[in-house]
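Okay, so subunit A shows up in both of these, paired with subunit B first and subunit C after.
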Partner chain A sequence: MEIDDFIKAIEEEFDNLNPGDVTPNSVFRDMEGWSSMHALIFVALIDSKYDVLLNGDELKSCVTINDLFDITRLKLNGGGAKA
Partner chain B sequence: MINFKGKTILVTGASAGIGSAVAQLCSDLGAKVCITGRNMDRLIEVSKQLSIESELFQADLTLEKDIDDLVKALPCIDGWVHCAGIIEPFPIKFIQSKHIKSMFTINFDSACLLSSKLMQHKKVNNASSFVFMSSVSASHPYNGGSLYAASKAALESFSRSIALEFSSKGIRSNCISAALVETQMFEKTKNSLSETELLGILSSYPLGIGKPMDVANAAAFLLSSQSSWMTGSVMTLDGGLLLNSKK
Partner chain C sequence: MAELRLKHTAVKAIYSVIPKMVYKTHDYPYFSEDEAKMFANTTGIIERRVAATNVTASDMCFKAAQTLLEDMNCHHEIDLLVFVTQSPDYFLPASAAILQDKLGLPKTCMAFDVNLGCSGYVHGLLLANRYLQQGGLRKVLLLAGDKSTISTHEQDKTAFPLFGDAGSATLLEYDAKGKDWFFDAGTDGSGADAIIIEAGHSRMPYQSFDDQDIEVAPGVVRSKKHLAIDGMAVFNFALKNVPKSINNALDLAKLKTEQLDYLVLHQANQLITDSIRKKMNLPKEKCPSSIGNFGNTSSASIPLTLCSELSEALKKERLCLLLCGFGVGFSWASLLLSTHNVATKLLEYD
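Moving on, here comes the complex of A and B:
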């Protein structure tokens, strides 16, 4: 699991994003038009791509794309309970 | 005045939130309450709050064996409030079989199987009343809630069939279609909302969001003989939310 693939998947998912728009330090809640639907899409995307289901508390604890990547990788490697 | 003295009421999903409030109220009104949930420790905590001695059954209603064991162990009942269920929002584009199965197994299948097995084993007294917890989202969907809304719509339809098939025994079946209620489920949902979104949601309720006891009061009415001419109905409890709905 590489962060470049993670970012690419996010950029491909949202129509208003172009390649290079997202970096590991991007604050995802600052995305244009951010809403709870975006949060759901992040959770669903991670579930579909990595079979890792983030819960609300875990999502709330993340600020940057890198935070999301880290927690996903941690759970993927068995470092967190699968919700 | 509703009085459940001498009645036995089954409450599934009783370990928290609405189910816990229903168990509490039915017990306060004189019923012997049979409560089920997956977590025995939480059931014990709920049972400590009940006025009358209750029966506790640890059961995971996503497992048919647990449903079988529950039905065999239960006494005959005069009412059942089905509160077991989950909310797992998921955008349609990402839905996989596992998401459908996860949502429907507990929100819908468990109601069907438990209804069927309760009747097969003759555990339902004549003139009993079933109450299923539905949601306003069954007819007023929200983003990401497609599976939840569909499972509740299916439940409402199933309840109407029960009302029809069991009417000869005087058994009634109704649904409560609730909007947002202050439960642990809501607390979890809040984490995915921005402060602005949360305020927007809360302000859309003319009477504010509901409390578990608001729903329990309606369930007690539907369980009681006060509602003896109601069957196959869906009672909406929404604090006025839908008054402004254009749908």
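Moving on, here comes the complex of A and C:
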């Protein structure tokens, strides 16, 4: 699991994002028009790509894309409650 | 986990009723253009049907049932009427009793409501089977419908554009030669707050709560008498429990996913149904969707999808179907069943 792939998947998921728009330090809630719908899309994307299901509290604990990547990798490696 | 092998029941007809009034996602005044586009792309909801102020869930189910009973000419053979709804006409009596009289069913007919939402239709099919399989009853009329739009606040972007209204009627009968059905279900009441209308019943009677609109999040305005939904909690619940339940029903039947003709899921939203479908490794064409035209119609979404998307196949083919309802409670139920020569109709409520 590489962060470049993680970021690429996010950029491909949202119409208003172009390659290079997202970095590991990007604060995902600062995305234009951020809403609960964006949060759901992130969780569905991570579930679909990595078979890791993040819950609301886990998402709330994340600020940057790198935080999301880390928690996903942790759960993927059995470090959290696997979906 | 409730897992059951069911015998001697056949589905004879499924009729669904939708209101005429159409609400389009792009016309929702509290969405920006981008929000409307994202909502439609994510939930799949292009438009939905909304019942008029004076029309209830029981009215829509009544029309479905009346038309079905006339077509099948079997009023006198209905020994049980089950009405699955979370939007009954009154606190009491049960709407099923009122429907028994309006439909002209015999006074020997049992009638009761079942207070379940998205999982309710599948639980209703199980109830019908439980009463029929001993051979004591002739026919069961299962009604499932909701008027969810009465409960949502117009300024709640998470709920108002999601729900549509619909009613349905399903006729079941004893069938000594019918193929076995396979059922799996469960409940997780720790998720009760995820989809809830807090006020209006015994825990929070109308006379004792502050009926004030509150902006609970940006773009999410409601009071305690309105339906509140936590989309993230529902998504997590569904992805954790639904694929397991479907696999349990398949295991009971000793079938593999690819042997299903169709997996018919409760139409929660497209993001959830697509995620479940992908986990089950099924192609889109085996997982029919009606949410684009009708929104989330709660207890009616499975029969409505059967009528709108699989009408021809239900009439002409022998099908192996897996129906799965999941949601408010949390509650879920999966039923693997065989069908043949099922009459369907999709009607509009004038």
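The criterion applied here is as follows: the second predicted complex is superposed on the first by the 82 of 83 C-alpha atoms of A that agree within 3 Å, B and C clash if a C-alpha of one lies under 4 Å from a C-alpha of the other, contacts with A are read in each partner's own complex, and residues count from 1 in each chain.
Simple rule for what comes next: a residue touches a chain if its C-beta (ideal position, glycine included) is under 8 Å from a C-beta of that chain, and two chains touch if they have at least 3 such contacts.
Keep in mind the model is a prediction, meaning the values are calculated, not measured.
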Let me test your reading of the model: by the given contact rule, A:Gly56 touches which partner, first (subunit B), second (subunit C), both or neither? both
Have a look at where A:Arg29 lands relative to subunit B and subunit C in the superposition and call it first, second, both or neither. first
Applying the document's definition of touch, where does A:Ala39 land relative to subunit B and subunit C: first, second, both, or neither? both
Does subunit B (first) or subunit C (second) touch A:Asp47, or do both, or does neither? both
Across the two complexes, find the residues of subunit A that touch subunit B and also touch subunit C. 35-37, 39-41, 43-44, 47-48, 55-56, 59
Contacts from subunit A onto subunit C in the complex sit at residues 16, 33, 35-41, 43-44, 47-48, 53, 55-56, 59, 83
Subunit C residues touching subunit A - in the complex, by the definition given at the top: 32, 34-35, 38-39, 42, 157-158, 217-219, 230-233, 235-236, 239-240, 271, 275, 278
Help me check something: in the complex, which residues belonging to subunit A touch subunit B? 29, 34-37, 39-41, 43-45, 47-48, 55-57, 59-60
For a test of understanding, state which residues of subunit B touch subunit A in their complex under the given definition. 89-91, 93-94, 96, 143-144, 188-194, 197
